[in-house]
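What follows is one structure encoded as structure tokens, with my remarks underneath.
Here the chain labels run A, B, C, D and E in written order, and each chain numbers its own residues starting at 1.
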Amino acid sequence: MRLNRLLSVFILMLGVCCHIVQSHAQTVDDAKLRPLVQALAGDNFEDTTKAISDLVKTGDPRVSKILDALSAGDLYLAKADKTVFLGKRDGSDYAATDALTGAKLDPVPRSAAEKIKVNNRLRRDIAAAVGGLTLMSDNIAERRSAAEAILKTRDPESIPLLDQAIAVEKDASVKALMQQAKAAAVLSSDAADDVKIAAITEVSAGNSRDALGLLTPLENVQGPVGEAAKAAIDSINTKLAFWNAVQNVVYGLSLGSVLLLAAIGLAITFGVMGVINMAHGEMVMIGAYTTFVVQQIIRTSAPGLFDYSLLIALPAAFLVSGGIGVVIERGIIRFLYGRPLETLLATWGISLVLQQAIRSWFGASNVQVGNPSWMAGSFDLGLITLTWSRLWIIVFSLSVFAILQLVLKKTMLGLRMRAVTQNRRMASSMGIRTPWVDALTFGLGSGIAGIAGVALSQIDNVSPNLGQGYIIDSFMVVVFGGVGNLWGTLVGAMSLGIANKFLEPFAGAVLGKIVVLVLIILFIQKRPRGLFALKGRAIEA
Amino acid sequence: MLTIENASLHYGAAQALRGVSLQVKPKSITCVLGRNGVGKTSMLRAIVGQHPLSSGSISFEGSALGRKPPYDRARAGIAFVPQGREIFPLLTVRENLATGFAAATRGNRNVPPEVFELFPVLKTMLGRRGGDLSGGQQQQLAIGRALVTRPKLLVLDEPTEGIQPSIIKDIGRAIQFLRDQAGLAILLVEQYLDFCRELADHVYIMDRGEIVHSGDAASLDKPEVRKFLTV
Amino acid sequence: MITQWFFTHVDRRGGIAIALLVAIAFLVPLSNLLLPETSPLHIPTYLVSLIGKYLTYALLAVALDLVWGFCGILSLGHGAFFALGGYAMGMYLMRQIGPRGVYADPVLPDFMVFLNWKELPWFWHGFDNFWFAALMVVLVPGALAFGFGWLAFRSRVTGVYLSIITQALTYALLLAFFRNDMGFGGNNGLTDFKDILGFNIQAGTTRSMLFAATALFLALAVFVSSFIIRSKLGKVLVGVRDAESRMRFLGYRVDRYKLFVWTISAMMAGIAGALYVPQVGIINPSEFEPANSIEAVIWVAVGGRGTIIGPIIGAVLVNFGKTYFTAAFPEIWLFALGALFIIVTLFLPKGILGLYGSWKTKLADHAARKKDSAPPPVAAENVHLPEPQAAE
Amino acid sequence: ADDTIKVGILHSLSGTMAISETTLKDTMLFLIDEQNKKGGVLGKKLEAVVVDPASDWPLFAEKARQLIEQDKVAAVFGCWTSSSRKSVLPVFEELNSMLFYPVQYEGEESSRNVFYTGAAPNQQAIPAVDYLAKEEGVERWVLAGTDYVYPQTTNKILKAYLNAKGVKDEDIMINYTPFGQSDWQTIVSDIKKFGSTGKKTAVVSTINGDANVPFYKELANQGIKAEDIPVVAFSVGEEELAGLDTKPLVGHLAAWNYFQSVDADANAEFIKEWHAYTKNDKRVTNDPMEATYIGFNMWVKAVEAAGTTDSNAVIDSIVGTSVPNLSGGYATMMPNHHITKPVLIGEVQDDGQFDIVYQTPGLVVGDEWSDYLPGSKDLISDWRKPMSCGNFNIVSGKCGGVTN
Amino acid sequence: MKAQDTLLYLDGVSVSFDGFRAINNLSLVLQAGEMRAIIGPNGAGKTTMMDIITGKTKPDAGDVYFNGEVDLTRHDEAEIALLGIGRKFQKPTVFESHTVEDNLVLALSGPRSAFSALFHKQSANEAERIEDILYTIRLNGKRDWLAANLSHGQKQWLEIGMLLAQDPKLLLVDEPVAGMTDAETAETAKLLREIAKTRSVLVVEHDMHFVRELDAKVTCLHEGSVLAEGSLDFVSNDQRVIEVYLGR
């Protein structure tokens, strides 16, 4: 393992030299470079490592592209003529380009080419080497990643190079990053104490968590450096403690919004209609499968639309799950009004049938639902990382909540829904078409479960069992919040989410969950009708 | 307006109506009396479509109601004030009234002012949940709610039950008003003899699921009629 | 004398059920042990264990129906009591293994050796004694039910709120028992049993005896349930089911009544679990799964809620269905089971026993309409919630 | 009827485990089909008896009994989770039948009637950790698992192993999550923190089943790349990756004894026929399938050798049987009823396959009683006569736990 | 204490729901053996007052004593019922899946513990009382009917029967004659007068004929407090009572 480290240092050094050479000799002869590229397809990783360092030594600007391609796994070896080419998958062929010139080649059938193997170590080496090569690149993104690479390796040898780069860097954020990288490198060098202390100040101004990693090893150093490091660590830790609490809240809200999404459809079918809807989870699952089908269609017929796949899936899932909900209501549930407990039996049966139907149709294993680009990745909020998918889910669940609340409270349909579920016979005598309203209500609840499935498909696995994983939590949320009260569902979901996240760090995920369950049991003793209990005689009537 | 012919009704094995025939004329008040459990409510349930007849027929404005569901009957103009009020407990008073819009025509989706004139309490309690009202207030709400549908025939099952005397008088006046000014036909089931006598254009008396007497209000004082109302 | 006492507390159906159960308690083992395998009346050991398992489920269903059918407490966590009884029995069986475990430790069960525990946790002490274990089989579920019920009923937690917290209870126990640290063998549970009361647990005779014990306990449970239901206490419970607060205004301490049956029912479930474990040879946390408890509710609903023998029929039938379907149509059996549940709810609203009941009333109905006489009194033996008209 | 030999297939086709087990049922049907094309066994056709134990452990026991007693199958292939195996084990011992168990497990078991063709911990976990330490220079370890017996045991073994190699406790973080965990935000962020001290960090994942997909999704979304903190998993194979977009996961690792990408003729042949049989050239293959394949072929070979399907004869003849595995070598049934296997480490590729980056030079013998656990290091298992013991204590010289 | 020597003593009782004062500083005293009729507009708080006495609603302020010494606000519904306060609800609530007879059996006074109920055997005396009550409420022909199948008025009667069976010291009767024929109303009045010979009765009614026949002291409530109290004639001539309640 020492060896690896030395090796990367070595490569980097080469990079540094090359860079200096670079200004004189821009490019190298193709004829000289080609065998080196060819050597990348060595028999084992050692050979490849050597080939990389040989390539870097040439200092040719094309090298970084080739190495990037290697790192991304886009470099192939044609089996027939043993040439190395740049490939992109295209049906059963590879669209091939020449690794050096970038000239378009004939497509190579997949079976006729072999991928040049890389492993994590090689990828790290390449990143470091390319970092050296691209620190002065024209492309800002390349410079940034170069600086990041050095920040990771913290190699003292790169200090002069960094100095040079910092001097000419125009972009403030990249410059700051380079300075961070330099400070990091200084800390792992044997520079004088005062230089190091300055570096400590520099480092602790940046991302605290990385800084902590840099400073911890210095903590036990005797003398002023150690003290400075200790002080910096302490201040960082206070900052982190605060951000940890923020993280718990934010993650709690995120978990809460997942719970809310899962439960909100149930708040209609169970909370408003009183149907103990055991098939609710399957409606969610069907929504997720609808997303899968939509993506599948997009993948085969309109790949450009992939980023919109979720937007298309939303109405589709609402209609599919809602439609199935209407069918279930008309076919089965409507015979069971006034016998709420029996809806449990029937919907349990429905849930078995739906699960098996999906299993027979799509197979028992997970299907793949992809993240559109705007759902992928994460961003930093202060010192915590929040993924885009989670953020969108929070936004999404709150919007669904708001819309639903509007529908129930402000529209005629909402009023009729509530009237019908409170007294079906009398509602009918008031001129309300109860069969309609029943079907629409159940359809609405199911449809909302369906769109929850679209969102959940982004963070969970899509399999016939998807719904089973959420049904218990959903009932827990609806009941904890208070049956028949949408606000209760919202607050219930969020408080369960946050409670879970505050308990998780010190009780562990498992005990944390147990504690939450016990808390729910105890809480219900205090408020036997949930968080937002309806009060007054109206309830007993 | 409303004609019932030879109607029978069963609850499982138990027969509640036996060949009942009855008529309600337009712009008139028809009153049905009878002891407990003789089938008055059952008859009204059959009229509004909450329970099917086992034989016989009911026609409204000349067309047979057959097996029409209650909401179609409500839309055709039959409004019902049930025994036991049956207001929607978790809806506010305003919302309870608004449920009647379903049966009203588009232009009529508002609460007619008579309702608040008749029952001023309702106006002060628009935001309160129906279930929280007192028994009498609920009864008032139930009548108000029926009027929101702008019915042609108003079917009332013991509307005075649990209502304070002054309002009973108001209700009486209102019923007359509805007949005279709005031209409604009214079918009223009552136990409260005086109330009936004052209002009714025509009375029926039921016993054991059958109509045993039919006549005008004055006939109620005859002893052979009275015997059906004693214990 | 005794028979008279017996029949004042059990109705005809219950009597028949008890008689039948007692009969099979003797006949099935006899047929299994004495008749040659070639005889058409011979019941193979395979079936004996299978039916034995069904009967333990039936016992659980009877326990559940006592609280749900007659007292309106829908428990979605009765599986927890069943599992606890099972664990108590499992711990006894574990201790019986003694030095015959794979690590040959004279005291510690295998999984403890394997987790490198040095001594028996305190709660495992005493379980080497059968009678202590037997006591725990009823005491542990009983105590948990009592504590839980005492809290919940006193706070007037009812309806779905109660159902959901019972579910939370069993779910929490599921997670807890999954943990190795709990000291109950983690997700693998307790297994590898060797013998019970000195008899080899795999021997045909032992199996037959376990079967007989199950049938007899079930008969006893039917009797106890009948006794409770036909007593005034039973009437109070039905009253509580229909109008709980009204019962309070009559001066009944509703919470105590509920607590009483709730605890009895949990103990019955515990016994069911204890009989179940030696017959299936393993107890693990999956018994705590909420789905198991829901399934038990479904047995009751299928058989007929609020009747005494409905749950037995339901439990046996659904499980037989499961046994049959999973072998006959392994790939699509969920369709069959799901359809069964849907059909039962749609066409047999009162369960299978209700079917019988409604035939009877239909006949009576018919007769009554013909004679056009006054309505007949409604038989009180089949008590059900009144059902408001369906829509339209 | 006597003209066929019945073979039991005991895999969940519904419930939570159906995701994994359904494929193995298909594999068995495929293998039986192939065998019948070759003329069956002992001149008789094989007949598959499929049942669905529905991810319900007691039902496993019931179905096992039904297969053996009622259907009179010659051998049973099945089970996935340890709980299901534990639940059927007494049945197989009582009725003296044979179970072939194709999944990696925590070890600590050896039964005369069970043949463990999946990996024992030493055939998966230890080589994986060695690889990370050596090739990736990992110094800090996160042992993340689902809270149940297999991860707990594996982690116990690994911790003992790492400690023995000089890794300090503060450099080991152990984390357990409940079954079906779907919210990984906190844990992934904790891993990130744990890995930001400057020492090279890796995650050894024994996370089970469904929980993996959300775990990897969160990893990818929070931007933890394999170059920074690689994750090596023991329960994630081609089948699990099928539900994931693997682009952000490239470079994370898995340790198995087989990958679909293994470059061997036997494998190419197997995949081709599998695709032909399932009429789906996207169907992936995975490690438990290979274990099933090996187990089935061993059984066939042992039956042919014994000339009968009688359990006693087959159990005696199967030890020492060698059959080709799919990675170009041979698997041999050892006296402890575990088999020899190569250990492969693969890196996730963007097409959902694994790229093999390391392979043990020789075959590793499955170690049923771990050498790293104090209670079991003195135990060995040898089912050959005259020892015939699954847990022989070499210190006391006695066979523990023998009944009847 | 003033409460002594009274059967029921309410002083300064107030209760409000979401800011609405349903009972406002209400004071009312009932002597042992007294019958009292309560009238008052809809929503005056009559039913709420009964809720307070029977422990269903806890007052925000004020004293509620029974028998001069028992503070009713400290007891729950069941305990209050056991003290000897029985109630008939405005909306008849009976046990729908029990037969008429069983409804009475449940209401019948006697030990209320679970164990005594488990081993309870009906005595001849009890059977006889049930017989009497069935006869009184004219449901003896329907003793085996499920209560669910009774008509509205029949349920009213059954509920009165249950109150009789309970044999309480104080009967709270909320609108007993709603839905009864005039003849039945008279009958009921007679029955209550009979009962009032040995117990105390608090009757709420809107039917003035009935109130007259009760021949008891009348209290008129309005907006949660007492508006007028005295003989029926006195009260019904009170201008404010006419204004808010009787109408012109």
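One rule holds for everything that comes next: a contact is a pair of C-beta atoms (placed from the backbone, for glycine too) under 8 Å apart; a residue touches a chain by one contact, two chains touch by 3 or more.
If you're wondering where the values come from, they're calculated on a predicted model, not measured in any experiment.
Novice: Fewest touch steps from subunit D to subunit E?
Specialist: 2
Novice: I want to compare two interfaces, B-E and A-D. Which one has more contacting C-beta pairs?
Specialist: Counting C-beta pairs in contact for B-E and A-D gives the edge to A-D.
Novice: Can you name the chain whose C-alpha mean lies closest to the mean of all the C-alpha atoms?
Specialist: Centroid comparison flags C as closest.
Novice: Can you name the chain that lies farthest from subunit E, using the mean of each chain's Cα atoms as its centre?
Specialist: D
Novice: What's the distance between the Cα centroids of subunit A and subunit E, rounded to whole Å?
Specialist: Computed from C-alpha means, the inter-chain centre distance equals 65 Å.
Novice: So, what's the distance in Å between the C-alpha centres of subunit E and subunit C?
Specialist: 43
Novice: Approximately how many whole Å separate the CA-defined centres of subunit B and subunit C?
Specialist: 51
Novice: Among the residues of subunit E, pick out those that touch two or more other chains and give their numbers.
Specialist: If we look for residues of subunit E contacting two or more partner chains, we find 17, 149.
Novice: Going by the touch rule set out above, which residues of subunit C reach two or more other chains?
Specialist: If we look for residues of subunit C contacting two or more partner chains, we find 175, 178-179, 245, 331, 334, 375, 385, 389, 392.
Novice: Could you say which residues in subunit B touch two or more other chains, in rising order?
Specialist: Each of 11, 14, 50, 69-70, 132 in subunit B touches at least two other chains.
Novice: For subunit B, which residues count as touching subunit A in their complex?
Specialist: Residues of subunit B touching subunit A: 48-50, 69-71, 73-75, 80, 82, 86-91, 95, 98-104, 129-132, 145, 149.
Novice: Which positions of subunit A touch subunit C when the two form their complex?
Specialist: 276, 278, 332, 334-339, 341-346, 348-353, 355-357, 360, 424-425, 428, 434-435, 438, 468, 472, 475-476, 479-480, 483, 510, 513-514, 517-518, 520-522, 524-526, 528-530, 540
Novice: Per the contact definition, I'd like the list of subunit D residues that touch subunit A in the complex.
Specialist: That would be residues 13-16, 18-23, 133-137, 139, 147, 175-178, 180-183, 185-187, 189-190, 192-193, 196-198, 200, 210, 212-214, 217-218, 220-223, 226-228, 230, 239-240, 242-245, 248, 250-251, 347, 349-351, 355, 357 of subunit D.
Novice: Please output the residues of subunit C touching subunit A within their complex, sorted ascending.
Specialist: Its residues touching subunit A are 74, 148, 151-152, 155-158, 160-161, 164-165, 167-169, 171-172, 175-176, 178-179, 245, 290-291, 294, 297-298, 301-302, 305, 331-332, 334-335, 337-342, 344-346, 349, 385, 387-392.
Novice: Please give the residue numbers of subunit D that touch subunit C in the complex, ascending.
Specialist: Spelled out, the residues of subunit D in touch with subunit C are 13-14, 50-54, 56-59, 61-63, 65-66, 69-70, 81-83, 86-87, 89-91, 94, 108-109, 147-149, 152-153, 156, 178-179, 373-376, 379, 390-391, 393, 396, 398, 400-404.
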